[in-house]
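Take a look at this one; I'll ask things after.
Each chain carries a letter (A, B, C, D, E and F) given by its place in the written order, and its residues are counted from 1.
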Amino acid sequence: MRELLTNTHYIVLTGVLILMVIGFFGALTKKNLIKILISLGIVDTGVNLFFIVIGYLNGKTAPIFSKPGLTPQQMVDPVPQALVLTAIVIGVAVLALGLSIVIRVYEHYGTLNVSKIKKMRG
Amino acid sequence: MKKPGLKKRLRVKNIFVFLLLCYLAFQMFGVFGLLDLNKVKGVAKYYLENDIKDTQSANVVTSIVVNYRGFDTLGEVTVLFLAATGLGAILSGRRKIKRKRIPANAMLKFGSKPLLSIIILFGAYIFIHGHLSPGGGFQGGTVVASGFLLMLLTFERYKVEHKYVKWTESVAGLTFVTIGLFGLFLLGSFLANFLPLGKVGELFSSGVIPIIYIAVGFKVGSELTGLLDNMMGVVE
Amino acid sequence: MLILGGITFLCVVLMVVAAYFAIKTNDLLSSVIASSTVSLMASVLFLILQAPDVAMTEAAIGAGLSTFVFLIALRKTERFEREEEQ
Amino acid sequence: MSTGMRILDLIAYPFVAFIVGMLYMGIARNIIGRIHRRWGPPVLQNLIDVFKLYRKREAGSHGVMFHLGPMIMVTGVVTCLYFVPILSGGKWLHGFSFEGDLILVTYLMVLGALGMALGVGQGGVPFGVMGVTRGLTRLIGLEIPYFIAIIVLMAHYNTASINKIMELQAGGISNWAMFKLPLAFIASLFSFWGMMGASPFDIPGAPQEVASGPATEFGGKYLALMMSTRGIFGFLKLTLWVDLFMGGAANLLILIAKTFVMFISVLFVTSVYSRFKVEQAVDFMWKYPTLIGLIALVIEMVR
Amino acid sequence: MSWFSPILMIAVPLFIAFLIPLLGYIHKKAGLYAMSLTLLFNMLTGFYFLPKVMVKPIRVIVAGYKPPFGINLAITPFSIFLACLISTMGFLVSLYLLKDNTTETQEKFAMLILLVVMGSTGIVLTGDIFNMFVFLEITSISSYALTAIKKDRKGSEAGIKFLLVGSISSTLLLLGIALIYNQLGTLNLADIANRFSQMNPKVAFLAVSFLFIGFGIESEMFPLNAWAPDVYQGAPAPVAALFSAVTVKAGLYAMVRFLFTVAAKSVFIKLLLVFGVLTVIVSELSALRQNDVKRMLGYSSLGQIGVILFAVGIGTADAMQGAIFHFVNHAVLKATLFLSVGLLAKAAGGSTMEDLKGIGKKYPFVAGVFGIAALGVMGFPPLNGFVSKMLILMAAAKTEHIVLIMLILAASVIEGVYYFRVLQVMFKEPEPTRIEKKAFPVLSLVPLVVLVFAIIGIGLFSGYLMPYLKGAAMDVMNRSTYIAAMLGSNGGAL
Amino acid sequence: MIGPNNVILIPILAGILAYFLGKVVKPAREGLTLGSVIAVCYLVFRMPFDKVISYSYSFKLPYAFGSLSFGTNALTSFFAILIALSYLFIAFTAFALVKDKDYHDTFYLFFNIVAGSLLGIVYSRDLMSFFIFWEMMTWSSYFLVIMNAKNPRKTGLTYIVFNVAGAYAMLTAMFFVYAAAGSMQFDKVATAIALMPNTKVLFVSILFAIGFLVKMATMPLHVWAPDAYTESEDSFTGFFSGTLSKMGVYGFLLFFATIVGFANLKGISSIKDTPTVGYVIAWLGVITSIFATFRAIVQDEVKRLLAYSSIAQVGYIVTAMSLGTALGIAGGLYHAVMHTIMKLLLFITVAGVIYRTGKDRFSELGALITRMPLSFLAVLFGIIGLAGMPPFGGFASKWVIYMSLLKSHNYFLLVAMIVSSTAAFLYCYKLIYGIFLGHPSSPDLMEVKEVPAFLWVAQVPLMLALMVFGMLPGLLVPYISKAVAALGFNAAFNSTNMYTLSAALGGFNGFTVINVLGVIFVVVLIWYTLFFPKSKKLHRLDIYYAAETPTEETPLHYGYGIGAELHRIPWVGASLRRHITTFYEKFAEQVNGIASVLKDILFNGDGQIYMLYAVLTLVAIIMFLGR
């Protein structure tokens, strides 16, 4: 138990997996478009966490030379953090665009049910 | 009579999806044990070791975001720009669904105006010190945008001047690209750090990094503001 | 170490619960708030995982901004899931 | 043989055919009359009719093709005649039979019909055209057994030349094709009857129903020409069968004897059977004679 | 001229894109013209570098750090070839758009078009996998926006579907990149390629499958392309032309580059073969029963992409050559088809078969262009589609995929059926009376003329293209040269 | 030196130029076509007949496929001459008939391209260029088919689907061969095929045969032909049926005689010294001709009758050639020439008639002999040839075919062929009677004029040709012998002079036949004209009509009636009632159904399902490929 609680990697990784499963499940089964976007947002969060956690090293500090004594060897991997920054921004951009399209769709169809929005098919 | 059948069908699909996802999760879980979680390696190691020498920026993440992988950031800014543009294009000229809004109380109205300038200042602080401390253009920009969000929420008829937003975002973006092009013209490499690096920990250090981050800050702030403004769609 | 682990564990559990709630609830408003909680928890986790930059961003964008974007979208559409959508 | 004699020979060719043919027609009317328990017309009646018709001063014409049709008919038939050797041996009365083969003859035989058909066509009588159509339809039936038979012949003797076929049959009755290849002969016999206009297959003319069929509109010199052509044609067919299946004839007497036998067979059939409708005729032809012919063909191929 | 580097193909459009909002103050249409000129600049730059790169690949370093430490652009024959294609098609479509005054948001439209082309160019030029992801996102986000830009019912519907599936794609791509980064600690494509075998095979497999699906969605592979017909139908015609000519090509590039140069996993290449054939058959069959011509063209486009995937999946240099040739031809042909149908549909007031009845008699030129392009798509000699199809099938024959060839040819027969059906509807139905004949703007016709000449010219003089195709194919097939060219002689500092 | 490649380019360029120049100056279309025709004829005739010459294309196109090579040998020249002459005659027809139609511009474009691609087909010396021109022929003729069609949807689609499918069958075989040979050159391919295992050779042969049989409209694959021949632009139909179908013949010969080689096929499996494949195809051909003949007889549309007749006639060629004997191939070639001449003549004349009267059904025509004597004569010549009657060339070619069948002991085939050949008389008669004889179906028919004079330019030489080849049947023998020799066979004929034709079992002297006929005819004519008084001209209603007096309104024209009896003959009637088209229609329906279901299930419009596809695929990949 102690092992489990102290091994941050595994706690977070398991959480991330559950988060992604929940997110995907929501995206694939919920019919409401906004709900789907929320689910996709959750998946995104999960992916971002996953990215960070694989760059995390037990017992090391953030990659900022804030104190004089810090050496590079004491720091966690900074690259995933940089990438996740980008990913988060991209995520919100997609989200905003998606919501704007959803608003348009709602105007045209009067519903948010993804299964009802199928004028184009076949 | 029809309903249970439908529901049943839906449930079957749900279970099926759930099983699929569990399978995927299981596969991923199997891989976790094989991941390499014990050391910094590859390019990260190089970044950590050479950050000071290369950029004189205390925040390694910032130097990666702005300098080593500045090209990504340019793309990222573009993505935001795109989202704002696309959103504007999609939502422009739509039918206004005017709904009754509960007006904000006087307290809020009174407080939010001075708060706006404080929030903007705070945001500016974040992105100006991006190379020294955590935070940077994105975070700062978002903070600035949230200030405007506050205004939008508080005042029914609050209008963000489109002209200013437009100018800010354009100039900020142009600054970013221009700095990159300067690097190309001066050092033969796009986005190259052509300014003196200074000394780590100082405000005016790290060459172009703070400038770019400030540009990014303005850009993100204005984009998000514009985005929110477009979303709110209160324009008559 | 154990305390940090405990906090981590707690955050993860909270996050998962919030995510589950976000998916489960019919009220999209609650759903948005729950997803905002997920982001907030993620932000805490980022902090724990020594990524202050990301934590800030996630807090500002994920928990803050995108929530508002959702809320605005909800205002433009409807707040509750319809029955056939569940 | 001198050129003069040759020319004489060639000129005599159609006349022999004409006279013999006309006589046979007369005889036929006689015999059929006897079978019908009545006195038939004189043997020479047909010849007389033809000459009478030739002497008619007036004939109506419906146009150029109406005028030319009978001429094409006679041209076709006489030409065909020239390629069928009347006598074997290749000295007298063999026409141009060395210049053409059996297939040529078979196809030339149709040319006459074409001429008539064209004339009838311009004549404008629907019945005439109907008759032509029936004739052509019947032809589909008739030609099959006939062709099977000649294919058997050609395959058997490995030549398409009538003269050669005749030569190879020389030397006794047992060498005759009708005994060596009996099934083929039987098959061809049906066609022969049909071609001779014998009763079960006489629908094109169909005297009682469509007012003499194709020849309806023709009169005077045209009818005369057509009748003479018929005579020549009849003789031609008889001769051809004799040549092909009975080893030909060395002189005219033998020829007449042999042809007469064939002719009698036609008469018997004619007087016994009643007329087929055209589809029945074709159907019949495609069933029994064709089957017999095919058996002959198989035998020939196996051999 | 050291500053004249291919990175300008990305930097300049970006600069102009940021500038366009301000250009609105000068003139209402300044943005559109700026976009067009920028794409022209891109095109010229591309063609300036094309012969040089054919001789020796260029490695463009961004921000002054040598790969794998910084991001670099990998200007190899394949990428520059595609960059040229993309910018040329972009330029032609932009010419068409200059007079296309359907949207009131012209400025934004211009920006989006510029950025979608820029994003595609970025995908093909970049040498960094995360950078590729970013450009892919730029491309997709602008595509979502462009799909929905008309704000009509169809556009919005198509846009939201596109966005949903695209989100899955980006999620999977990120996961895959994360796995690769965790294993190798690098994001540079050449570096990953160099050390790909060091990855744990299980992790590598998972990463490759994530990326395969991610890129598969972008490159419209069969089970993942269900959104595509909607998008082709819903988006404005020039945008659809742009999608099939530009963005798909970028997606395919990513797929090919990743599978051949980086991962080099033969299982997935074989998988591509299977999916390619499936794509062809399903798409052609689906196209058979379409009533909307634009949607039909969308399915047909998928079919062509299936052919490309099939060719790529064969995995020989010859097939690759044919596939790359088909990239070009498909871009040219589909752009022509979409643009001409766009014009006709605008005149007729709709793009269904009923709307287009007899339109060929009214507008013989544009409909004739459509006809020629249709013949080209069906692969009739001497047009360009024929040559590449033959090259692909010959390569397939060499590897003894006779059954697959037969399947593809059977699908081509179906293709013939529906294209000829459209042609007959256009040309053989009585002339419609409800439509008043209006002349199309000349600028809209210019790209059509150019494209028609391209269709015939490429078909007749394909030999001139061959050296480039060969270079591009060799670039894909020889991963070692790519790695060497990008990492330098020491094979990377790591 | 002007080689075949330039000959090919002339018409194609002329067509394109005519299209664009014709937009400015209308007569440019005719002018350029005429120029191209003359140039092609000149060059084709100037080319040495049986010399083997090779060229390769000088453009850059070949680079993509190695090289496109062209060349000529006797067989090529044989067909090239056929094409050049048809091109000439059809061009003149078109000058007269197309000039005031609204597709004036496109007609010349596609017509010239078709001509060029035909030349390309015969001059090509590798499979790829063969296929290229084959496909060009397909699409350009497609446009000519739908140009004037009444029912373009069905006709055009059927045409293109069958032809493209056939071409693709061929293409598959080409790739198969290519995989083995590594090259598309004919000689290399031939070498490779010789080394291939039997089953593969058989497979390749069948696929190739499908391609050619479609073009030749042989039985199960003929569905496109009647409609296409009937509905294509009138002046082009002659080219279509006369020359385009011969490309199937050419390809067939090329493939089976030179590339695979009949000997090779025989080695695989043979029936009675005939390769089995050939034997089967021979039967297909003969069955085709039987059924097509019967169907031709019952048609009411003039061109449809000719179309079926064309199918039947080509069936003879197929039968003769596929047996793979020297005489058979010679017969096929001979008949190809004759059939081209006859069909050109007939279709051109019929086109003229339709042009003048505006009617295309037997039940609407009639009695035109008085108005169009020359056309009547042309059709008369044509049908005499078509029926294979002696004085004209049609007999000679049929004779050779019969002889070849006799010689190779395929008696049953011969019998079957006779069925069709005999029945052909009926439609021949229907053709001439329905149009020219009998009574006019409507009064305005009596006001029409003779066909345009431009058509005479085509009709008269064609009639003369028919006569000359009948009179001098040996005239073609040296050429055919050379062509057959180019395919690697020994001499087929025994005849040495141009008057006689002799081979195998017999021979005949065409010169004698026509002389005898002529002399007798002249004698009878003189006799009748000089020695008898002039006949009285009767009014056309002054006829025997079962004791009734017919009036103008009485339907006296029996045009449609001919062939009605056929329905009552049991076997024929049954065959006429059944259409193979039904089968294909059902097949198409099935495909359509599958397509509908597939697209509705797969692309069901639900964005969520589309997302699910991605996840499903991922799971599938991991499940099946993950180790």
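Note that in this section contacts are C-beta pairs under 8 Å (C-beta built on N, C-alpha and C of every residue); 3 or more make two chains touch, one makes a residue touch a chain.
None of the values given here were measured: they were computed from a predicted structure.
Engineer: What's the overlap between the neighbours of chain B and those of chain F?
Structural biologist: Both-contact set = A, E.
Engineer: What is the graph distance from chain A to chain D, where chains are linked when they touch?
Structural biologist: Shortest path length, in steps: 2.
Engineer: Farthest chain from chain F, going by mean C-alpha coordinates, please.
Structural biologist: C
Engineer: Between chain C and chain D, tell me the centre distance in angstrom, where each centre is the average of that chain's C-alpha atoms.
Structural biologist: Computed value for the inter-centroid distance: 107 Å.
Engineer: How big is the gap, in whole Å, between where the Cα atoms of chain C centre and where those of chain E centre?
Structural biologist: Taking the mean C-alpha position of each chain, the two centres sit 37 Å apart.
Engineer: Centroid of chain A to centroid of chain C, CA atoms only: how many Å?
Structural biologist: Between these chains, centre-to-centre, one finds 10 Å.
Engineer: Distance between chain B and chain C based on Cα centroids, please, to the nearest Å.
Structural biologist: 18
Engineer: Mind pulling the residue numbers of chain F that touch at least two other chains?
Structural biologist: 596, 599, 603, 605, 607-608, 611-612, 615-616, 618, 622, 626, in rising order.
Engineer: Can you list the residues of chain A that touch 2 or more other chains?
Structural biologist: If we look for residues of chain A contacting two or more partner chains, we find 14, 18, 24-25, 27-29, 31, 36, 54-56, 62-64, 75-76, 79-81, 83, 85-86, 88-90, 92-94, 96-97, 99-104, 107, 114, 117-120, 122.
Engineer: Can you pull out the residues of chain E that are in contact with at least two other chains?
Structural biologist: 130, 134, 137, 141, 144-145, 148, 151, 156, 159-160, 164, 168, 181-182, 185, 187, 202, 206, 229-230, 286, 289
Engineer: Looking at the whole structure, which two-chain pairs count as touching?
Structural biologist: Contacting pairs: A-B, A-C, A-E, A-F, B-C, B-E, B-F, D-F, E-F.
Engineer: For the complex, which residues does chain A have touching chain E?
Structural biologist: Residues 27, 33, 36, 40, 43-44, 47, 50-51, 54-55, 79-80, 83, 86-87, 90, 93-94, 97-98, 101-102, 104-105, 107-109, 114, 117-120, 122.
Engineer: So in the complex, which bits of chain F are touching chain D?
Structural biologist: Where chain F meets chain D, its residues are 367, 369-370, 373, 376, 380, 384, 387-391, 395, 399, 402-403, 406, 409, 411-412, 414-415, 418-419, 422-423, 425-426, 429, 432-433, 436-439, 500, 505-509, 512-513, 516-517, 520-521, 524-525, 528, 532-533, 535-538, 540-546, 556-558, 561-563, 565-566, 568-572.
Engineer: Where on chain B does chain C make contact in their complex?
Structural biologist: So the residues of chain B touching chain C come out as 59, 61-62, 97, 99, 126, 134-136, 138-139, 142-143, 145-146, 149, 224, 227-228, 231-233.
Engineer: Enumerate the contact residues on chain F facing chain A in the complex.
Structural biologist: Against chain A, chain F makes touches at 596, 599-600, 603-608, 611-612, 615.
Engineer: Which residues of chain E touch chain F in their complex?
Structural biologist: 160-161, 164-165, 168-169, 172, 201-202, 205-206, 209-210, 212-213, 216-217, 223-224, 226-227, 229-230, 267-268, 271, 282, 285-286, 288-289, 375, 378, 380-382, 386-387, 390-391, 393-394, 396-398, 400, 402, 405-406, 409-410, 412-414, 416-417, 420-421, 424, 427-428, 459-464, 466
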